[in-house]
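For clarity, chains are labelled A, B, C, D and E in written order, and residue numbers in each chain start from 1.
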Amino acid sequence: MGEKILEIEDVTVSFDGFKALKNLNFSLDKGELRVIIGPNGAGKTTFLDVITGKTKPTQGRVLFKGKNLRSLKEHQIARMGIGRKFQTPRIYLNLTPRENLEITCNQQKKLWSTLFGKPKSAERQTVSGLLETIGLTANADLPASKLSHGEKQRLEIGMLVAQSPDLLLVDEPVAGLTDEETENVGNLLLALAQSHSIMVIEHDMEFVRQIARKVTVLHQGSVLCEGNIDEVQNDPRVIEVYLGQEVEHKQGAGSRE
Amino acid sequence: MTADAAIGRRGLKRGKKRSLLIEAGIIGAIALLLIFIIPTLISPFRLNLLGRFLSLAIVALGIDLIWGYTGLLSLGHGIFFGLGGYAIGMHLKLQVPQGELPDFMGLYGVTELPWFWHPFQAFPFASAAVVLIPGILAALLGYLVFRNRIRGVYFSILTQAATIVFFNFFNGQQKLFNGTNGLVNFKTLLGTAVGSRPSQFTFYVLTVLLLIATYALCRWLTSGRFGRLLVAIRDDESRVRFSGYDPTEFKVLVFAISGAIAGLAGAMYTLQSGSVSPRAMDVAFSIEMVIWVAIGGRGSLVGAVVGALLVNYARSFFSEQFAEIWLFFQGALFLIVVTVLPDGIVGWLRSSDLLRLGHRRQLSTYPEIEVNPEVQSERQEIETRSEE
Amino acid sequence: ANSPTTESSPNGTASPSAANVSTAAASGDGIKVGILHSLSGTMAISEKSVVDAEMLAIEEINAAGGVLGKKILPITEDGASNWDTFREKANKLIDEDNVVAVFGCWTSASRKNVLEVFESKDHMLWYPVQYEGQECSKNIFYTGAAPNQQIEPSVDWLLQNKGKEFFLVGSDYVFPRTANTVIKAQLAAKGGKVVGEDYLPLGNTEVTPIITKIRQALPNGGIIYNTLNGDSNVAFFKQLQGAGMNPDKYPSMSVSIAEEEVRAIGPDYLKGHYAAWNYFQTVESAANKKFVEAFKKKYGEDRVTNDPMEAAYIAVYLWKQAVEKAGTADDLAKVRTAAYGQTLDAPEGKITLNKNHHISKVVRIGEVRDDGLFEIVYSTDKAVAPLPWNQFVKETKGYSCDWSDPNKGGKYKSA
Amino acid sequence: MNPATDAIASSFNSSTAQKPVLQVAGLNVYYGESHILRNVDLSVTEGQMVCLIGRNGVGKTTLLKTIMGLIKPRSGAVTFAGQPITLKSPDKRAKLGIGYVPQGREIIPRLTVEENLLLGFEALPQGRKNHQKVPDRIFSLFPVLKTMRSRMGGDLSGGQQQQLAIARALMGNPRLLVLDEPTEGIQPSIILEIEAAIRDIIATTGISVLLVEQHLHFVRQADRYYAMQKGGIVASGTTSELSQDVIQRFLAV
Amino acid sequence: MLIGLFDGLFNGISIGSVLLISALGLAIVFGLMGVINLAHGELMMLGAYTTFVVQAGFKKLGEPWFDFYIFFALIFAFLVAAGVGVILERGVIRYLYGRPLETLLATWGVSLILQQFVRSVNWVLAIGIVIFCLLFFGSLWIVQRRSDFDRIRNWFVLVMLPLSLGIAIAVGNILSQTYKLAVNQPWFGAQNVDVSAPRWLRGGLPVGGFQLPYARLFIIALTIICVIGVYQFLQRTAWGLRIRAVTQNRSMSSCLGIPTQKVDALTFAIGSGLAGVAGCAISYLGSVGPNTGQNYIVDTFMVVVVGGVGKLVGTIVAALAIGTVNYLVGSGTLAILTAPIPPLSEFFTFFATTSMAKVMVFALIIAFLQVRPGGIFPQKGRTVDA
């Protein structure tokens, strides 16, 4: 096993008594591409919230590159090299896709360097390249508020790539994308995985199969099982709580009526 | 494709440079007009009025900077405006023979100059204080508020309350600031009579130049990456954090700059109106400032200036013509603008076909579906397929 | 066009305005004067009726043939309760409209602000409201009371008739603060005692803390000396009554409450309280009868007259007399000199305009009656000569003002 | 594919001579000056499930919003159950029996899950009567909502919110269910359940469904499809006539 | 000492209840609907003027009736303010939902107009306004049905506004020429008007050394009734749920079948009506004039913010807390209490005037927000910072 980029030690998050994460232990190697799946409400998004500092753990530690993140603010964590795509697309609606990308692409995030620094030509090239990758070249100079849902999803993925953090946290990147786009995003992530550590959350199992190496299944705030895609898909517990079986469920639904 | 795009961008850049030159040219022309032509055309009273309105346009720029671009609606800019005015006003009140006190102090039995008045004897200090005091106060207030992620409406209401507080304070400190009266009856500045024609003309020219400088500053702040970031903060502040920026720093900085601009405006206004009083910190005045910007066109610097001039002239006109009912006009004006022209006058002109300022942003749309070859061929294919 | 002299109502939408004045002036048959008061904002409450009185005087004069055979053309500007606007409008009236005199202002703050304008342009303002004194400008005629014609005698009267312990309540601006400085000096000299003082921001109506303070400072009753202006008075008297502090135990003396204010507060709340003025609507004189009748005829039966309105009304007449004596309206220096010593059989009695730009006036104290008018309970036998510089306050003791003598001027040491 | 549902579907298909529930004719929609929908015609027959497919940004959501009345068309007509509704406001349309699950969930964030569900009753002709309870069938379809009933809607996870949105639309017993990518963010097992439930509801109550979906799996359950491209309908037909190959063409670049 | 404490408490509650009753309507309009209604104070003013008119009417009826006019005044004040509120909502606010900062500006315009309105309203103006509304809004109503309304809207306004305005002004001028003073005399004028309480509300209940004013007691009781009423309405009726849903997500609510326009109008009517009731209440404490409303507006907003927006309980606690602190500081009670510690006492003495107490209260509020940025009862959960 290589060097750990992220270690979660015994993290619990509770909201008014409800434990969204329960004594969660988890670790991610440097350069690893990890897929996280799990039922709705298992705590996947909360997990990302904890890593990015949006939510402070009630108990336990989060170590990134060996450093405890507890006392850091969101932007400090981001500057350490953690980037995130949200579950529902969050982009800057009054900026154009190009500007959205430029802002995140900028590596000098301090006040004065933002004020006095000039965008490097390399950055501009990256942005143009990315616009093409995410298929928004035609819309590059329209306000982002005018994009459709799927276009917004792609833009936010682009923003994450532009930010180029050491650790990419990707929450449901392909929800609402067409199959073709899904495959493109998969390829993009695979390419990125050569130089970055990535955590992907997704419910689209076809997509998961496309990119997955190691899969972690979360359930009720803790890890249910971990393994490669085949192991996980055939694990009866995963089938029970997550994947379901067509015939069985139909009966189930019927009997509940 | 990439090559094309690169050319396109370079073309765009050249276009940008050219339009920047055109803009500078227009502004230069307006400045020349204001400084050399207008004074020969209108009476000194009207020129003084224009000079004051131009100082108000400076505050409007400051407000547009934080409201239009950063989404912070401050209802407290009167404070900063007033502080700027007081800073220069205190210096002016100290232009008395050695050992004497400003006239009003004697009336209230003050025998010794209060300690904080002393530094204002020095002109360099006073003129720095004009921007520094409001700027620092804005930074402090902003820090205390933004740090806690208080924003939007709550920020507005807090600034409004702050206005009342400062009004009360200055209004109540009879001995320190001459209370409600404010500082009036200025005599000399740097040895020349404040009220004399040449001094007033100098102040007027200075106002024009400062307005242009402020415009350039705001232009620079809002057009580059910094400006983008301000818009981003307005759109989704917490998202900005996850991209690694600290919005608090940015907001504190722009708020401070905007406060300093207001202070500058207040000083220029005071020099030309000849008085500064707690009325500058009246709640209504601060709201009016915002309304100038709203009417001119929020998020457009030209709009802010146009709005400030227009509203103030309208008010001056209506109150002269219909002294008793001009409030109706004022109220109606706000209503109409906010409901019918949500983007202000400049926004409306820009979006309507009346005016094609510069390169109007063409909304992209698909080519007509009937003539789009891609669609045509696909449709045909499907038809043949389903016929099979 | 609505000529300012026709019957057009000052309240209606068609107000007399500058619109048609320039033509009239050009034809040389009118004399332009400025009317500069707050028609909007907090002070509109008080200043609006002062404008009414001034317009009445102008109308009467015009109906009687005008001044020097010319009609007076009033140009009205709104000071909007904003001192800065007052300055701007004063400048405009003088520079743009070329008026020969301005009748205007109410609050001392607005007067202090325009003072400089009138002085630097060597122009003429007629100021109709009682004020705090400590000022004597060559360019202002003060037709209201100086402190020794209102505040000082009322304090004396209270000391003689009501007690020695005073609580001072005022609005937070220059007139009450200065007035109270004067009162404190006077009480110190005459054996009275100030047990407390407090100020409310103009317009504030939460008076509970003040009432508590009064009760704490004067547990067994005492005098409330009231210099509150505007809205706060209403709250103050309503809640004073609610707290059970009645005029028999807590008599109050007000200097900014006149007939109009009594109506706005409600006579029920004020009955038995006192006010000091030079004029009350109840003054019995032929001139007053005529004034009240004319006013009611023009503005409605339910209107009342009061001291500042009367002072504004006579200001116009005094100016007219001065102009006629000088034989010119344009030469302000001549008009000014001609004004000294002018007398008038005013509604308040016979008055004289002194060389110190103030007026000799009879001082009266009134008690509020059921009908909202005042029962005059005290009045000086003759007119009291005005003293702008206060003789109790150390800094101004021994100073006088005389503009007729170039060697004396606004503030000179008189013996 | 399940033979039983196939049978149901085809039985409905055979009787498609029935009157259409929803009919859209010659619809043109603009955002500002940009022309988004061009002469769109579409109809949904009673008891049918109709699927709208197309790539990102072709105007599917725009079409559904226009049907709901959230966007005013510049020209064209929308008819529901024989009644023209082009000028009706969304709440009137909801009362007529259109249930809507929007893209992006649109949960009312500061109401509890239960309150969110109760709002579903507003679409009933007589509105919500006081003290009406959430029926059990909703909770048995989405058991997680029962355990979360007193939590704020905005606190739910994405998938839970999506389930809530569907449940809320079902509360009003609509005649036409309009679903915009209803399975986005929902775990596979529940997607299966939702599919089954919708088929079940169609079968038992005869309501109609208009669906936008990227999941081919779900698309194939529909009776008819409409394919959109660049703001226009470029193809339509019964899903049985639509080969995998053609579907791919419209969902792939 | 005990008396002093009781006194302090009573006065704190008195001030607090005035704050609370004026903030109640705002808590609905601002807290629930997200509309920053700067004309709230003017709606209170209208309530106060209504009280004046009702009082004048009952004065004519004579003694026994006059004693009870206040109950009619409350009802009318509610109705008048609610009516104006509905007009405001239908005419202006509804174009601005979701743009809270813009509502602030528009309602400021409205507040200016209302202030000037009571100053200058006379028959000419009233008739002019009616004519204008009939012409302008009548034609608007007709044109609105056209499907291309959105595009021609600005042009319509550009043409119809001056046209209707012109006709209205012309008619007004003719009227004022013909009838003179009778139609030109303002109804209220720029002066304050006098609202006298019925006899049983004057004076106070003697307790120990001092007296609890009946007017205050009445307001406290009225406040309690209103609070309970509002609470019941919001929590117990279907409308409460609808209001909350509509204000949080307007378009989705309408897709669910909620008649959003009705809900908006109703909510605004209730919020405004409460302002009217508050106006009636304060007319017994303070002045009734064109500026009456201005004095309350900032304080009431502070109450809502400090309480935590959208939380009725918070509004109540904040109003009472701010009232008490204001009283304790402003009346110098704190200065007396801290007399043993000279520097502290000196400090409080400096702030022991009504205007400086405001300075102190603001400083305390800012300090408080450093600890609890979301107010006393902050909103919690995922959506807060989303």
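Everything that follows uses one rule, which is that a residue touches a chain if its C-beta (ideal position, glycine included) is under 8 Å from a C-beta of that chain, and two chains touch if they have at least 3 such contacts.
By chain, UniProt protein names: A, D = ABC transporter ATP-binding protein; B = ABC transporter permease; E = Branched-chain amino acid ABC transporter permease.
Since we're looking at a predicted model, the values are computed, not measured.
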Would you mind naming the chains that touch chain B (ABC transporter permease) and likewise touch chain C? E
Farthest chain (mean CA position) relative to chain E: A
Can you pull out the chain pair that has more C-beta pairs in contact than any other? C-E
Which chain is most remote from chain B (ABC transporter permease) in terms of Cα centres? D
Quick one: report the Å distance separating chain A from chain D, using the average Cα coordinate of each chain. 28
What whole-Å value do you get for the distance between chain B (ABC transporter permease) and chain D if each is reduced to the mean of its CA atoms? 49
Taking each chain's centre as its mean C-alpha position, how far apart are chain C and chain E in Å? 34
Rounded Å distance, chain B (ABC transporter permease) centre to chain E centre (Cα mean): 31
By residue number and range, which residues of chain A touch two or more other chains? 15, 54
Residues touching two or more other chains, restricted to chain E: which are they? 116, 120, 353, 355, 358, 381, 385-386
Residues of chain C that touch two or more other chains sit at 11, 13, 39-40, 172, 199, 201
Show which residues of chain B (ABC transporter permease) lie in contact with chain C when the two form their complex. 43-46, 48-49, 52, 106-109, 167-168, 171-172, 174, 178-182, 184-185, 195, 273-275, 277, 279-280, 282, 319-327
Seen from chain A, its contact residues with chain B (ABC transporter permease) in the complex are 52, 54, 73-75, 78-79, 83-84, 86, 90-95, 99-100, 102-104, 106, 109, 111, 114-115, 117, 119, 124, 128-129, 132, 137-139, 141-142, 159, 163
Which bits of chain E are touching chain D when the two form their complex? 145, 147-148, 150, 237-238, 241-242, 244-245, 248-249, 251-261, 310, 379, 381-383, 386
Quick check on the complex: what are the chain D residues that touch chain E? 68-70, 72, 74-75, 87, 89-91, 93-95, 100, 102, 106, 108-111, 115, 118-120, 122-124, 127-128, 130, 152, 154-155, 168, 172
Sort out for me which residues of chain B (ABC transporter permease) touch chain E in the complex. 67, 73, 144-145, 147-150, 152-154, 156-158, 160-162, 164-165, 168-169, 171-172, 238, 283, 287, 290-291, 294, 324-325, 327-328, 330-336, 338-342, 348, 352
